[in-house]
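Shared between the two complexes below is chain A, which has chain B as its partner in the first and chain C in the second.
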Partner chain A sequence: MDFLRRYRRDKVGAYFGAILLLLYGVALTAQWITPADPMAINLNEVFAPPSWRHWLGADQFGRDILSRVILATQVTVKITSAACIFAVLTGVTIGMFAGYRGGWVESAAMRATDMLLIFPIIMLAIVVVVVAGPTETGVIIALGLAQAPQFIRIARGVTLSVKEELYVEAAIAAGAGRAHILAHHIWPNISTPIIVQATLTLPVLVLNASALSYLGLGVQPPTPEWGQMLNEAKDHLITAPHLIVGPAAALVVFVLSANLVGDAVQETLNPKLKKQK
Partner chain B sequence: MTKLIVARLLFMGPAALLIVTFLFALFHLIPGDPAVMLAGDNAPRAVVDSIRQAYGFDQPLHVQYWRYVTKVLQGDLGISNYTRDPVIDSVFPRIVNTAQLAILSMLFAMTVSLLLGCISAMYWNRPLDKIVTVVSLLGICTPVFVSGLLAIYFFSIYLGWLPISGMSSWRHFILPVITLGALQAAMLTRMVRSCMVDALGKDYITTARAKGASEFLVVFKHALRNALLPIITLFGLGLGHTLGGSVVTETIFNWPGLGRLMVNSILTRDLPITQGAIFFFSMIFILVNLVVDLIYAWVDPRIRYD
Partner chain C sequence: MGDGAPLIEVKGLKVHFHTEDGVARAVDGVDFTIAPERTLGVVGESGCGKSVTARAVMGLIEPPGRIEQGEILLHLRDKVVDICRLDPRGREIRDIRGSEIAMIFQEPMTSLNPVFRIGDQIVEAILLHGGMGRSQAHERAIELLDAVGIPMPRQRFESFPHQLSGGMRQRAMIAMAMSCNPRLLIADEPTTALDVTIQAQVIDLMNALRRDFNTAIMFITHDLGVIAGMADDVVVMYSGKIVESAPVREIFHNPKHPYTQGLMNSIPSLAVWGARRLKAIDGVVPSPFAHQQGCRFAPRCSHAMEVCRARSPELLEAAPGHSAACFLHQAAP
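And then the complex of A and B:
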């Protein structure tokens, strides 16, 4: 509650937080609020311009673009949330274990992480898709694994500094096992920086998910996704430029809100940052 | 310095071996018989068998691995499933095209971000600074495939000024370079601004002003020189990001670069080309990282003498 009270003081964060909540609401209720069937092909309305019937027009198969943008919001939210959870779970597990165990396990894990951090996230994601396949699950694994190194680094850093604390030593003396210490004494310290990193990661995940599907390596048609809709729109740029408006606007607004919310969450949980600005 | 260079160059060996190991693992990680994958789905049995023998897929794993590593070391990354040309021949010309795109974009981004970042810091918290901040934020949130499509529609289709795709004249460079560069410029402007705001708040700036130095000198000599250290690192990281962004940019503008080759090879399931593209991309990233580290050590004596 204290968090919400402090978060609300940030006007920009509160405003875009509301927009982001609205987008998540749209995603959760997508099946019920689409004005038309997003998959229904209607060859009489191919490239129909925006009208009262189709607010954003119709695409090359006469499908209602607004309905497809709404369903794509759900697809994006589903993929990015799952990828974020996957990245946090793998990253935190490896990072905490490496930091706590130390020794060669730690140096091997960190060398590998350092090497992965050299590569841009989209590259790592593309390489994983080669193996995992361009399916929903494949994209989730790809994006999650590509983001995991960031979480490994943070989790390991905090673990290193916390494991020397007296209360950890006390827990060891009291006979607590490694798993118990990691879960009850180390994890509570890691949760805040991990939450901050997770919110900062969200816009990156959205951008990369749509980039993958723009390249044809993401979710496959007919399931709509913003990047994939833009890729299809490119082929009809001369005859039907209105095809790009809906998915482009949805994507930019989502990423913008997620970015500003991420900044606001970071400043709320870490007030020192604000003073530096 | 020499010691540092040698140490970092030695690191490249194991890194390259790790990448080749991963490329080898791809044969077995991707579901299906690797020999069939390399021969194509409808290849006759004899062809599949000859490929299986050539790669040694009928041998134990360590024999296959050794065979693959020695082949790669000799510059043989296999032949394309479709053109039947050696992978090296298809990949090499593409590297040059990608390098041209990435380097020009980065130069554009560096110029724009240094200029806007400094201006923004000079007019800190005033309307001009606010405008730059909002524009760069919007820039960060707009992926290349949105800005690229808008640019193509406006400049190529609506105004008819610039070509849509390809790279046969200098006019073909304008849209891809600016689209890719603008995204980098947006990211870098924010960081240059914060570095400069930081530097302009230091005591030596007050001293310089008290001496009566002109505002131009204060910003571009006293502040910029001191802010340059973090900025150089950012530019180095930016080059990596630009190379990552080039994959999407090349696809939008039909740029015959390494990124588009890689994406197309994945879509057409041309594994040897995919492996070749991954290999060269990885080597480029490792090399860029190395150069950035060395420049950093060269600029900052504290690192050099440690």
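And then the complex of A and C:
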């Protein structure tokens, strides 16, 4: 609760946090709040301009764009949240274990991590999607794997410094095993930097998810996704420019709020950083 | 348990550290025994191998350190185990740590985890060795906090380590160490980081706990005053070896080894009449990397003889119950 109280002092973080929460609310309730069926094709309303019936107009198949943007929010939130959890779980597990175990296990894990970092994130994701297939699971693994090295490095770094603490040796002297020490002494020290990194990673994941589907490697039609909607809209940019507004605006608002919330969380959890500014 | 059966026997223990600069012989052939409910004081200056010996007894030697030789025999209720032979990460040693042998450290500031309440840390220590539910362990932790003289134990249970003073933290550490009724408590310079008045309180506390819990104590320190107030028996270590071993009165009244005599002379005297200049021992402790022939103390010893530089003296009985590793007290063959 102390966290919330301190977080609220940051006005920008508070407002954009509210927007982000609203977007997550939209994502969770997407099925029930779409004004029209996002999949229903209506050839009478192809490229219909914005009106009271279609707030953001209709696309090349006469589908309601607002409804598609709303459903796409759900798809994006689902994919990016899952990818984020995947990255945190694999990253923290590998990083903590490698850091605590040391020796050749650590060297092997860290060199493998360096190799992952050599590739540009989108490149890596494309390779994984090509191997795993352009399904939701494939995209989640691709995005998560591309971000995992960040978490491996953070978890390992903190583990390395904490495992030398006297209270860890005291715990070993009290008969604690490796699992107990990792869970009770190492993890509490890792959780804060991991939470910060996770919130900062979220907008990157959203952008990458959209980029993949823009390239046709993400979620496949007819399921809507912002990147894929943008790709379709660009073909009709001259004849029907309103197609691009909905998905683009949604993407900007989501990424911007996630970014600002990430910064605010970091400043709240790391007050030292703020003073340096 | 009768007088004859020791609690722990250390025989010919050698712990070497294999570093890039060579082999450091931190502990180079150490023998001692601790009987149940006795307190063994281990004295020596920094770097003489006291702490490494203690860690070896806990099975806490980590690479590059290695136990080269020797046995550490722990007499359990139904069997004898050699701690040197146990897997340092295995189940068996973990069952011994905390429940048979517990340890408290020099730095009470850093040996408690700063992110947990002290009560919860004691509860965790109790739960590690099973046999109790969480609420029962909670009550036991409060009893222990009370037993180590922490006022208002119920409130202090909720305190974080940074809210306690150094002395209180050391008391909390002792409570944690005593939580499973260990038969041996290893105290690695527990009073060094404390104020003198707090030191005295902690020593009184440990003496009281020893009676109440029937625990043997291996007390490591470089403070001879503390040894005088705590120990039954004393071993004096120098450069990885034991140079003298005797009951506490003997050590203070009749030190045999020139090094021990030097230590005694370097205690400041409070006498108003006949106060004298402090006599320091000349020279420094030899590097653990140096491989030196003969007695390691010979270069600093004012009594050094020809034989001292040629051969290393063994720890032999010089008087009943009193051994010294010095040719002055041995008929040179």
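What to note about this one:
Basically, the second predicted complex is superposed on the first by the 277 of 277 C-alpha atoms of A that agree within 3 Å, B and C clash if a C-alpha of one lies under 4 Å from a C-alpha of the other, contacts with A are read in each partner's own complex, and residues count from 1 in each chain.
Everything that follows uses one rule, which is that a residue touches a chain if its C-beta (ideal position, glycine included) is under 8 Å from a C-beta of that chain, and two chains touch if they have at least 3 such contacts.
Nothing here was measured: the structure is a model prediction, and the numbers come from that model.
Once chain A is used to superpose the two complexes, chain B occupies space next to chain C without a clash. Using C-alpha centres, the superposed arrangement gives chain A a vertex angle toward chain B and chain C of 100 degrees, stated as a multiple of 10. Touch criterion met: A:Val130 reaches chain B, while chain C stays clear of it. In the superposition on chain A, contact is made by A:Ala173 with chain C only, not with chain B. Of the two partner chains, chain B is the only one that A:Asn231 touches; chain C does not reach it.
Residue contacts after overlaying the shared chain place A:Glu165 against chain C, while chain B stays out of touching range. Contacts of A:His184 after superposition: chain C is touched, whereas chain B is not reached. Once the two structures are overlaid, the count of chain A residues touched is higher for B than for its counterpart among chain B and chain C. Minimum Cα separation between chain B and chain C in the superposed model: 19 Å.
When the two complexes are laid over each other on chain A, chain A has no residue in contact with both chain B and chain C.
By the touch criterion stated above, chain B contacts chain A in their complex at residues 15, 18, 26, 29-30, 137-138, 140-146, 149-150, 152-153, 157, 240-241, 243-245, 247-248, 251-252, 262-263, 266-267, 274, 278, 281-282, 285-286, 289. For chain A in complex with chain B, the touching residues are 115, 118-123, 126-127, 129-131, 203, 207, 210-211, 214-217, 227, 230-231, 233-234, 237-238, 241, 244, 248, 251-252, 255-256, 259-260.
The touching residues of chain A, when paired with chain C in their complex, are 165-167, 169-178, 180, 184-185, 188-189.
Considering their complex, residues 58, 60, 89, 94-99, 102-103, 105, 107, 110-116, 124-125, 128-129, 173, 176-177 of chain C touch chain A.
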